[in-house]
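For reference, chains read A, B, C and D in written order, and residue numbers begin at 1 within each chain.
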Amino acid sequence: MTPETLEALAQRVPDGAMVALPPDNSLPSVALAKALIRRRARGLRLLGVPVSGFATDMLIGAGCVAEVQTSAVSLGEAGFAPRFTAALREGRITVRDATCPAIHTMLQAAEKGVPFMPLRGLIGSDILANRPDWRVIDNPFAEGGDPIVLLPALSPDFALFHAVMADREGNVWVGRRRECATIAHAARAALVTVERLHEGNLLEDERLAPGTISATYVSGIALAPRGARPVALLDEYGMDSAFIAGYARAARTEEGFQEWLARHVTPQAEEALA
Amino acid sequence: MTPETLEALAQRVPDGAMVALPPDNSLPSVALAKALIRRRARGLRLLGVPVSGFATDMLIGAGCVAEVQTSAVSLGEAGFAPRFTAALREGRITVRDATCPAIHTMLQAAEKGVPFMPLRGLIGSDILANRPDWRVIDNPFAEGGDPIVLLPALSPDFALFHAVMADREGNVWVGRRRECATIAHAARAALVTVERLHEGNLLEDERLAPGTISATYVSGIALAPRGARPVALLDEYGMDSAFIAGYARAARTEEGFQEWLARHVTPQAEEALA
Amino acid sequence: MIHPEERLAAALARLILDPAAPPARHIAVGAASPIPAAACWLVRKSGHPVRLSLLHKRSGNPFTEGTRELFDLTGQGRIDLFFLGGGQIDGQANINLVGTGEWPGTEARFPGSFGSAFMYMMTPRTILFREEHSPRVLVPRVDNISAPGLSAPGVFRRGTAQALVTGRAVFRFDPARGRFALESAHPGEDAASIRAATGFDYDEPAHLPATPDPAPEQLALLRGPVRDEMLETYPEFCARVFGAAEKKDAAA
Amino acid sequence: MIHPEERLAAALARLILDPAAPPARHIAVGAASPIPAAACWLVRKSGHPVRLSLLHKRSGNPFTEGTRELFDLTGQGRIDLFFLGGGQIDGQANINLVGTGEWPGTEARFPGSFGSAFMYMMTPRTILFREEHSPRVLVPRVDNISAPGLSAPGVFRRGTAQALVTGRAVFRFDPARGRFALESAHPGEDAASIRAATGFDYDEPAHLPATPDPAPEQLALLRGPVRDEMLETYPEFCARVFGAAEKKDAAA
């Protein structure tokens, strides 16, 4: 699999696609999110797996997003997600609230190719009350009177994330962040940015194979050094808390966000990062 | 977690326990199976995940086993499993046939803490017809007329397997053989033999963490160098096909098996292996 | 000087070790929860053998199945205690992490429910924790239920709230009565000030004790070994509460 | 000299590449299946871009979720073709891998059903393969159904058997009629000998072609690059069929 440019990878995601993104602690491709902003993507339906962070707020602020399905949107220690909050208040996005294990479960059902999976809990929560696509049945293995929620399989059109490395076969290494594997398995296509290329086949190295996602699931790869910045990438680099706090301050207003965007989401800024 | 002796680990498994074993290509602890034979375990209910091999045939031959739940019992290129076949013919064991993905699914349900999980396929197979504990429902997410099988969660009492290494915390490294992780998660206790001890915490090494099973699930550890022999252990050592073929020949008869056992399943033989 | 955060950590540690409650062998702590994390480390550094799973610890993150593993462990009943907060918390221990006004938070939107709708029902014990103690947060009835404080008979549930700890007081929750009882007030507060700051009704003892100060050895642990464990995940919190020691990892 | 195994591998390769069948972009090959594995490698080494997942390949095993991943992939519809055998195979393409006599094989026990009850229904194409071609194996009706050849209307199923390849012949399966048709007989066989060796009824062409020999370039691939790929997993098979070249890994 030949690496593409970041811009080519972003071109593969059509307007209106359902795009799954891992949160700030689990290898989001901030580089690819920025490329989607540069290509002026519109109407994306984002899925937070299981929550959403910096990349989601930035995409919402840039007008790329029609809908967010997630269990929470937050900038962590930097507080609430300002562009998400503003867009919800102004009715510019639809928010489908879920709860973390429900998102994992819907993706696991898709990964397994079954139409649904059960999950305990949830009954009595208004999340369930606002999800007509979720069903409650009586557990067929109990004596009766044991309600349990069934969640439908969810297959995003795309999984986007940032991995440490890719090999020539298109296998990518995400280490312990196996939610990326679940998203890749469940999605119709995974588009992955990586820090660097790896010589040799990741799946043939017994030390690296356990953290590898097979090329079977990977549709496209682009090199994007520091592609998770400002969030952390395993032991490769830490989170730039000051940068995120700066974003949170700037994005309090529409004007502040637009200025931030003009400064930070440009091809020049991308080159400076690399 | 302090490593115990192999014999102490075997003492932890009471007669009658349900014991999950991975197959010959996925890190069975042959050393621990032999220790169970030496301690004269009785009435074990073995679960093949998802199939059974050398260790299961040996345990059956030694009279340790009351029941086998599995999708197949085989010695691979060395052919049918002779002691399994004889015990079934003579009515000395109960066999509960399953099919590979059903065993994975039942363990995944236990891993997730849900009472059941669905699985496609199976309808029309006599496996399903002979499993009164499996149910068929009408898929609640379809328009009707879409039968689908529900499988109950299965929590073995013990998961036994052989890992490459353990650290002082009790974390163990199994590499890509993640069915061992699923068994450990689903079982009430995991007893693990390892080739060697690892200095440092496996979960704090980003390269090793993805193939590590957390000590949360591990109840006991014993050092057993070459503990998977005669089957293979990742890139550590290969399968001893000649040894297995020799076993298959010897175990064709009860007498041949007993001679084989007297020669190979003794404390002396264990020391010679190490 | 005792920081309010240190007192809260010590109060949480006491609740964790409550001998009348189900055992806390394995505690999980969610994202952005420095005070509960400090309480757990305080329990552990005091010599109690408790397993801690800290969700947002970058190195040594305990999970290798991704974040799904926390929920799987909890589904199995292997997590004994969890902490939850709430943009609103009501007198029946319902929590609202979604927002006020109509669903999904048309007046004031909070970040979202995270795993609360599952964790609250699947964990034998939950400690509710929210620093802000005001009629805005502690309401008679939450606008939206992220996770219910009680469940109907027949609905699978392992436990309920054990207590509610705020910046002003500690309440205990009685699931049989579906009602909080005030247990202690932090220094500077009294029965009347708590009543005025609380939007829901609750029981109150005739004599209201003060929430105790952390013992000197607890303060020493918090400012030494506990701080060291937390520095990577919560650098700003550590600098603010435990003082500005040099950061081990400038990037973190 | 052409080994019978080489002819079978070439016959299977022709079926894999059948342009009338659904595309085979990703093929999985189960345990202890050296001839199907050789056929797949032959297709790939002939320049066709097909992804192969070989279950029992020790190094470079394609799965990192354990063996569950094959079934998950198949559940999703990502595996296009699989091979199945059978201790018994009947004229409706039912297969029995469990045993003869009463369940679970009280007369003669076979190893067991493996993943067949799932794979046969979830894969768009299955090639049935069994070297032994006798009335004992090819029966009018299997004693026990490990996996059904056809499913009732409404039962989710992606495909059926495409063909049955034995040591004597190649049959095609017509799911609409639920019936095999003899397509070719291997050298040394004719219509009458196949009929005598087959326990189930099937259709037969007026003129029965011979199963073609592998082309010389196919033989060269089988004995060279295909053999090299298979040596680690199937050392005994490679030595017997492709000749005694030195083993690369004495331990394997």
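Here is the rule we use: contacts are C-beta pairs under 8 Å (C-beta built on N, C-alpha and C of every residue); 3 or more make two chains touch, one makes a residue touch a chain.
The structure presented is a predicted model; accordingly, all values stated were derived computationally and were not measured.
**Q** For subunit A and subunit C, which third chains touch each of them?
**A** Common neighbours, subunit A/subunit C: B.
**Q** On a CA-centroid basis, which chain has its centre farthest from subunit B's?
**A** It is C whose centre lies farthest from that of subunit B.
**Q** Identify the chain pair with more contacting C-beta pairs: B-C or B-D.
**A** B-D
**Q** Which whole number of Å gives the spacing of the CA centres of subunit B and subunit C?
**A** 40
**Q** Just curious, how far off is subunit B from subunit A if you go by their C-alpha centres, in Å?
**A** The answer is 36 Å.
**Q** What whole-number Å value describes the gap between the mean CA coordinates of subunit B and subunit D?
**A** Chain centres of subunit B and subunit D, defined by C-alpha means, are spaced 28 Å apart.
**Q** Could you give the separation in Å between the centres of subunit C and subunit D, each centre being the mean of its C-alpha atoms?
**A** Measuring from centre to centre gives 59 Å for this pair.
**Q** Out of subunit D, which residues touch more than one other chain, so two or more?
**A** 59, 61, 63-65, 71, 75, 122
**Q** Could you list which residues of subunit B touch at least two other chains?
**A** Correct list: 108, 112-114, 119-120, 146, 148, 176, 178, 181, 206, 209-211, 234-235.
**Q** Answer with line, ring, star, complete or other to describe the graph linking chains that touch.
**A** other
**Q** For this structure, enumerate the chain pairs that meet the touch criterion.
**A** A-B, A-C, A-D, B-C, B-D
**Q** Give the list of subunit D residues in touch with subunit B in this complex.
**A** It is residues 31-32, 55-56, 58-59, 61, 63-68, 71, 75, 97-98, 103-106, 109-122, 144-148, 151-152, 154-156, 234-237, 249, 251-252 of subunit D that touch subunit B.
**Q** Quick one: which bits of subunit A touch subunit D in the complex? Just the residue numbers, please.
**A** Against subunit D, the touching part of subunit A is residues 110-114, 181, 185, 201, 203-204, 206, 209-214, 216.
**Q** What residues on subunit B touch subunit A, complex-wise?
**A** The touching residues are 105, 108, 112-120, 135, 137, 139-142, 146, 148, 150, 152, 175-176, 178, 206-211, 234-235.
**Q** Which stretch or stretches of subunit A touch subunit C in the complex?
**A** Per the stated touch rule, the residues are 25-26, 50-51, 70-74, 76-77, 80-81, 84-85, 88-89, 95, 97-102, 104, 108, 119-128, 130, 145-148, 176-182, 232, 234-235, 237-241.
**Q** Can you name the residues of subunit C that touch subunit B in the complex?
**A** Residue positions touching the partner: 26, 51, 53, 59-65, 71-78, 122.
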